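We call the chains A, B and C, going by the order they appear; numbering starts again at 1 in every chain.
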Amino acid sequence: MSTRYLPYILILPVTIFLCVFFLYPFVLVAQQAFWSDTGFTLDNFRKVVGHWKFPISLKNTLLLAAAVVPIQLALALLMATMVNNMGRGRDLVLYVWTIPLGISDLAAGIIWLAIFDQSGFLNSMMSGLGLIDRPMNLLSYQSPGLVFLAIMLAEIWRATAIMLVILVAGIGLIPKEYYEAAEVFGASPWKRFTRITLPLLRPSLSTALVLRVILAFEVFAVVQALGGTLFPVLMGETYNYQFELLNGRSAAAVALIILAISIAATLVILRVLRVPKGATI
Amino acid sequence: MTAVTTDTAGDTRRAGRYVYLASVTLLCAWVLVPLYFLLINTLSSPEAVNAFPKSFIPEFDLGSLTFFANFAGMLSALKNSILVAGVTMILSITISAPAGYALSRFDFPGKELFRLLILLTRAFPLPLLALPLAVMFIRTGLDDTVLGLALVHTTLAIPFAVLITFSLFSGIPVELEEAAWTLGCTRLTAFTKVVLPLILPGITASAIFAFVISWNEVFAAAVLTIENRTLTAFLLQNLDTSPLHLKFAGGFILVVPALIFIFAVRKYLFAMWGIANR
Amino acid sequence: MAEIQIKNVAKRFGEYQALSDINLTIADQEFMVLLGASGCGKTTLLRIIAGLETQSTGEVWIGDKRVDHLPPKDRGIAMVFQNYAVFPHLTVFENIGFGLRMQKLPNDEVTRRVQRTAELMHIEQLLKRYSGELSGGQRQRVAVARALAMEPDVILMDEPLSNLDALLRLEMRAELKGVLAESKTTAIYVTHDQVEAMSLADRISVMHQGRIVQAATPVEVYRNPAERFVAGFIGNPPMNFVTARPEGKGRWNVAGQSFDGPASDAGALEFAIRPEDLTPAEAGLRATAKVVEPLGAHLLVTCEVDGALFRAVLDSDLVVKPEDSLTLAPMPDRVRWFDPETTKAVAV
């Protein structure tokens, strides 16, 4: 008798917790965004979308994700394959490569600030090499390209590790026999990678991409540390609406727009990388 | 003729080996050098941090760190960060581990729905929920408290904690528990005498994971605290105004637990994700 | 002191009927083997007796106590698992003593009983080791010792030898039989290996599709299968079947030959004979050899009789080539008959 109810008792705490701190506030956000004093409205959305900063924020957020995620994916795949063939030193290399996993976006922003700052290491290096006479202000409104590059590098530096971990775990689940079989049939290392690793890695790839893309749309502190107001992004706009302008409804509307983009991206990734039933390892 | 061809083949292989080693080294440097720069800045006097050009060797001056420690509100922010992360760690493990156990041991109607809820949470920009929660917390008196923020961070950590504990429990053969039952254990004593000792290292690893999730979180912390800022919230709020050496010292303090964390859980990191993926 | 009674036990997993209407009585100190192919419900039945699974309907009695709603620990059973389930975080000593410690026995009593069962299973030199330092066979011994140390009324074993290699399996089988006979406990043993079942059992319960089709001594199950399934399952190679047409009262036509058979008025019966109960003779069933396999001790000839597959185990001195014609005479008292409608055996 007791075993029938036991699982429900065990999942009860999480369920209650998620209802109170996830589903309920989610409903509240939606309510704030869609309802005004007079009832259902799209005014909040019209207002935030019509604001001059919105297209720039949207463009920046999407552009950043589009620039960062593919590089991270390629890099993570490269690192994962390298580690997979490694004998001695594997643990040490993996440790070093996964360090950024534990580093917050804020800390990552600050770390790259040490490099790109006017008195930072990049300027010091360039002047040491005699390329420049005096330090340049790299992160200014005159060089939006450099600001973008700095943010991009910081994001790649910080968040490749999470993909690496998921992919290394995924590659570990692929039985070695498949590679040996492919080798016997004459597949080159590159063919083995594209014909065996990639298809069998689809579940891990989709987890890694979904997680990474969602986090990319939430990019905030790195941008704040490196670009400040020079590079507006959606999450920053939410923050501004809430704190600078004290406008909860607009903040909620932007939040829902971010959510919509995230869900759309998730669905696309899951669809593209779906594994037919029965074709799993 | 054959001797020559094998020689070139050997050369190609050796060249490939060098390229491989060089790439590994380069990628290690890519991770480590920025951290080294941060270390230089942290271990330099405030004057050196703001000077130009920079030295590439730290001068081992504790000036910046002392300044950090003496900066008004900084130490209490550090204390708040540790408290919030600690509470998050305890809450998320005690709440999530039973669910992870249920997922790994039972088939029950509604299991898929529950998994969906968990996955949904993981796929959702959670910090956004801090906005309505701020209102809710003001009503309940939880605003600007360690517990309030810890609750939000726990929501953040739960999907990971559930999936990780699920994969950990799945790694313990159910026969071990059944054997314990037939040897005179109740469900509870079988858990404490057999499952718990086997799972403890993994649980510790996932607890540390929860700690770091909270420690690193910026957005909700900034939204939900005003007086009792955490370190991340404090640094974010003062980004425009605070001097460079303060930022770098703060960044350094943020990074240290990360290094320890990854080291402590390195054995579990991949196993945890291996099953949690599915 | 423990007879086991299983009364009308059934088990459903959702739509799937895993067990239906199981009735079985196992005598005190009897060694009962549950034999069947995978998915026949034998392990489910064992787990219901152990209390690891709850039956949908029915009762389980151990001794004079109804146990079907008691947790495993209150049933007076001990169990040996297929993959041993030796606790990896405990030494061999603590593994064997685990159940005794749960009963809160005094230390010296635990030590005494662990020592004794360890000696019985020849693992007394391993007591300080951990599971990871043991071979498969040694783990198996620990698992058995752990169950025996409990001095249970009933010992349940779920394919305990299936993970061992062939030679070790043979050795453990003999040892297990001796140890259990000495311990005087009632034993229920699940296996899919009929040789194991034959060699160990006092009685075998042959299971098929969630039912017990026959529960009898090994010889009885082998000689007088109660159902066509048992005849086709037991024996390696199993029984041969040829369709028999009625020729008049008690006479049946089998592949053109006339045989004495049951006085049944069925439209057709199945004539069944074991491959080793056939000898080449002047008169008998006409067969065409297809595949000839010399197995050392004897010759296994796969042939065709009346269009049906038919195997004969013959003397290894015989020279037979594929496509040879043979005349095979069945030993008259070994011929069995089955009703194709009910699949039950038909008495002569």
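Throughout what follows, contacts are C-beta pairs under 8 Å (C-beta built on N, C-alpha and C of every residue); 3 or more make two chains touch, one makes a residue touch a chain.
Bear in mind that the values here come from a model prediction, so they are computed numbers and not experimental data.
Visitor: Among all chains, whose Cα centre is located farthest from the one for subunit C?
Guide: Farthest by centroid: A.
Visitor: Would you identify the chain whose C-alpha centroid lies closest to the centroid of all protein C-alpha atoms displayed?
Guide: Checking distances from each chain centre to the full centroid gives B.
Visitor: Hey, how far is the Cα centre of subunit A from the one of subunit C, in Å?
Guide: Distance between chain centres: 58 Å.
Visitor: What is the distance in Å between the mean C-alpha positions of subunit A and subunit B?
Guide: Once rounded, the distance between the two centres reads 15 Å.
Visitor: Based only on mean CA positions, could you tell me how far subunit B sits from subunit C in angstrom?
Guide: The answer is 54 Å.
Visitor: Would you pick out the residues of subunit B that each touch at least 2 other chains?
Guide: In subunit B, the residues touching two or more other chains are 187.
Visitor: In subunit A, what residues contact two or more other chains?
Guide: 3
Visitor: Once bound in the complex, which stretches of subunit B touch subunit A?
Guide: 20, 23-24, 27-28, 30-32, 34-35, 37-38, 41, 49-54, 56, 94-96, 98-99, 101-103, 105-106, 108, 110-111, 114, 117-118, 121-129, 131-133, 135-136, 151-152, 154-155, 158, 162, 187, 212, 215-219, 222-223, 232, 235-236, 239-240, 244, 247-248, 250-251, 254-255, 257-259, 261-263, 266, 269-274, 277-278
Visitor: If we count contacts the way the header does, which residues on subunit B are in touch with subunit C in the complex?
Guide: 173, 175-176, 178-187, 189, 193-194, 197-198
Visitor: What residues on subunit C touch subunit B, complex-wise?
Guide: Within the complex, subunit C touches subunit B at residues 50-52, 71-73, 77-79, 81-83, 85, 87-89, 98-99, 102-103, 146-147, 150, 156.
Visitor: Touching residues of subunit A toward subunit B in the complex: what are they?
Guide: 3, 6-11, 13-15, 17-18, 21-22, 24-26, 28-29, 32, 78-79, 82, 86, 91, 93-107, 110-115, 117-121, 123-124, 127-128, 135, 157, 165-166, 168-170, 172-173, 203-204, 207, 210-211, 214, 217-218, 220-221, 224-225, 228, 235, 238-239, 242-243, 248, 251-252, 255, 258-259, 262-263, 266
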